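Below: one structure in structure tokens.
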């Protein structure tokens, strides 16, 4: 069967003399001239971010890169212990935990804010909109994503810093404003005061940069990839994986079905 | 069984009020003050890179981020097609191809250079050392990693740019010097002229930054994570995965064992 | 900090002389006495299946093991091409496509049937229940999972065989009965006749075996693991990955943003 | 560009009415007539195993399916904790630990035996061959794969059972004979007595079945997939992941660089 195939892309192509990326000459126009975070933004959105956008974006990545011994970091270390020859496998195992529970807040919060804002008028009263959204979430017995943090019960230290930087760079948009309004008004409705989770603020800030909500988790994963490399480097020089594994294994107890 | 457990780390820890990373206060000292590439370097080496080191490091990441429709990019797109709800799975599937053949040149070249340099004196003659290394590799019927490129038969456009930036920043060290010497002298020994592969130069440059050779592939994976996010974003907005899959599937032909 | 840790499990434990699995002595009671499919069932449910249950279960696994050049098989082959030293990475990459779209039918269909049956009385009229369920799905603009197949437009050849074996073994329960009722009555409601998808029948049969609906996808993944090993063995002896990759790559065309 | 594409395969193909697998009609010839382990063997080797081969093969799979809280099982549970919506991700994370250290013995032992046997005459004296191989390994400061076990210091309970079953089925070939010879003669050379690891015996038995040495790890992975599903089912009904994670996290201590 003879046929025409065509696979269009706006990313990378190359020929014998040139490598193109995003319509630029990689060697002449990008290498040494664009930062790595800047390029990551550009690759996903197909537009080059401004220096202000890059600063907010990289601040978010820095804020999400590592949170110590998360389940994902432990999974990566245990995988490295078992298969040290395959660093890509250990990194992948760590990233696979980047799902709904431990890395999902950024995406979930960004999506919640974006959906709440969808039909809002330009001159919306954010406090009023926040009240409606929280009340509706509560009625549906759903949590407001990004409200509360398991460790930082009063304030997540990342929250004011990230909001401050976005404001400084002129990039505090409707998502960040609505999320702050949620922070102000939720005690009236929920009857208790919860902090704004820094990973949720990250989602709001990324959404205000115009990044697609469906890919916010992707940026959290990119940030986490750097943190996981740190864990793997540490596991290499000062290993903990064996100790973690044997701690679990030596406390294993058989329990018959129905008695667990 | 009562016991003392202790899991030391130089990366992240947190309490109710503070998040520490690398011994710094994440919110006060890192967010907005350190770039993402800079942080990735710091996480792996536990030392903050200089601005010159950061520039060379980010140039390497930029040079490795995407090479178009590589097997890894296609695998990520096909996985996204099958399981679009799990972006972490698609990213992980792409990274899992970051092994010996398509992403291994950076690490292999860095390791080859580091091993060749191990016992060399400070005032080594790089051309002489290169001649010995190439001759030995040839005798052992091994390739010299980083020599040659499947597409860029004459020159890899990344090569002179990356070397130039390292030199500009005062970071052209023994690995880059040895690799350039390999570029100069190999035709005498191999009887043909091959270009220095840009991914190999990347390995040399990272090794000259003092990064651990065993983790060079890790940096290639970090760079590639950004490129894969670009492919997944593009797959979302202008999907190709179904077309790739059906192109293969509709040309499937059953062949009995022994006749393939 | 001194403390008591305890990790209970009903699966495997071992000491210097014995390996226990599921409360059995692995060497004395299981090896050579239990089949692999039988053990897989036992591991998930913590009860040993009867020979009839094992036969239906293995028939389902056989029916799901391989469907040729699926996106998952292609992803596994491309990952093997890139990183042939890591067969676990290639297998994992293939399994990561086992998500909502290409391997999800088994789980989705099992769940749909289980939810429909939840409040049904013991003497339910399956045709009537099917009519209600299809009508509701249609009103909610949702598909009925397992109805229709992209290739087998008239009949999926697996469907009558699997139903026949379940019946033969006395294991045709309410899920299979409801799914067959859906097959009978849907034309009245949808105005066209669709086949029952064999992967959906697999989900119904597994649910009738009492397997937990949330894990049905897990069995599809186990079955697919065998198929993927077949692809990797074939890729090793008669490789196609490079040809698939270059077919895509050589038809790459750069398209500027907004024109894709 | 018009062209001819052709992707030959000996595995699965389908058209509107039929699904073929391995040249058989899936529905008519395989479903209900071939066991799952039998099919897995067939998929990899392209030949249907005999009942004796199937019994030895399934015994091996059963022996390797689960070893309790291995690093791979813990990694799978932690990944499920983080991303419970993606069972394929948790399974993949577990399999990614199937590398050189914890699941590699089967493959390493099979390969060592196969390489040792490669140039041996038909009437080889296995004890003599074993002495040579052990002496050479020792001189090269390499371990003999499959000799010794971290828990079973005197005897691995799987070893005599698996050898007995292979003998019973007439499938005790040169790999098993050589491995047993290694068990007999190594104390003379190494000066201490080590047990034959059951995972190593598994490798010998699979090699005697004619399975390709490069894919032995693949069978260990298939077996382990069943065990991991057991862990994920247990994690779902009686979760431990959170407890494992917090056990590690609450004993985290920051240690500055150079002091770890």
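As written, the chain order gives the labels A, B, C and D, with residue 1 at the start of each chain.
Everything that follows uses one rule, which is that a residue touches a chain if its C-beta (ideal position, glycine included) is under 8 Å from a C-beta of that chain, and two chains touch if they have at least 3 such contacts.
Just so it is clear, the model here is predicted, and its values are computed rather than measured.
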Tell me which has more C-beta contacts between its two chains, B-D or C-D. C-D
Farthest chain relative to chain D (centres taken as mean CA coordinates): A
So the centre of each chain is just the mean of its C-alpha atoms; given that, what is the distance between chain A and chain D in Å? 37
Rounded Å distance between chain C and chain D, as computed from the means of their C-alpha atoms: 23
In whole angstrom, how far does the Cα centroid of chain B sit from the Cα centroid of chain D? 31
For chain B, residues contacting two or more additional chains: 1, 5, 7-10, 13, 68-69, 83, 85-86, 88-89, 92-93, 96-99, 103, 234, 238, 244, 247-248, 251-252, 260
Residue numbers on chain A that touch chain D, as the complex places them: 1-5, 68-72, 74-75, 78-79, 81-86, 89-90, 92-93, 96-103, 234, 237-238, 241, 244-245, 247-249, 252, 260
Which of the residues in chain A end up touching chain B in this complex? 1, 5, 7-19, 21, 25-28, 30-32, 34-37, 39-40, 43-45, 55, 58-59, 61-63, 65-69, 86-89, 91-93, 95-99, 103, 151-155, 157-158, 160-162, 165, 212, 214-215, 217-219, 221-223, 225-227, 229-234, 236, 238, 240, 243-244, 247, 250-251
For the chain D and chain B complex, residues of the former touching the latter: 5-10, 13, 20, 23, 46-47, 83, 85-86, 88-89, 92, 96, 247-248, 251-257, 260
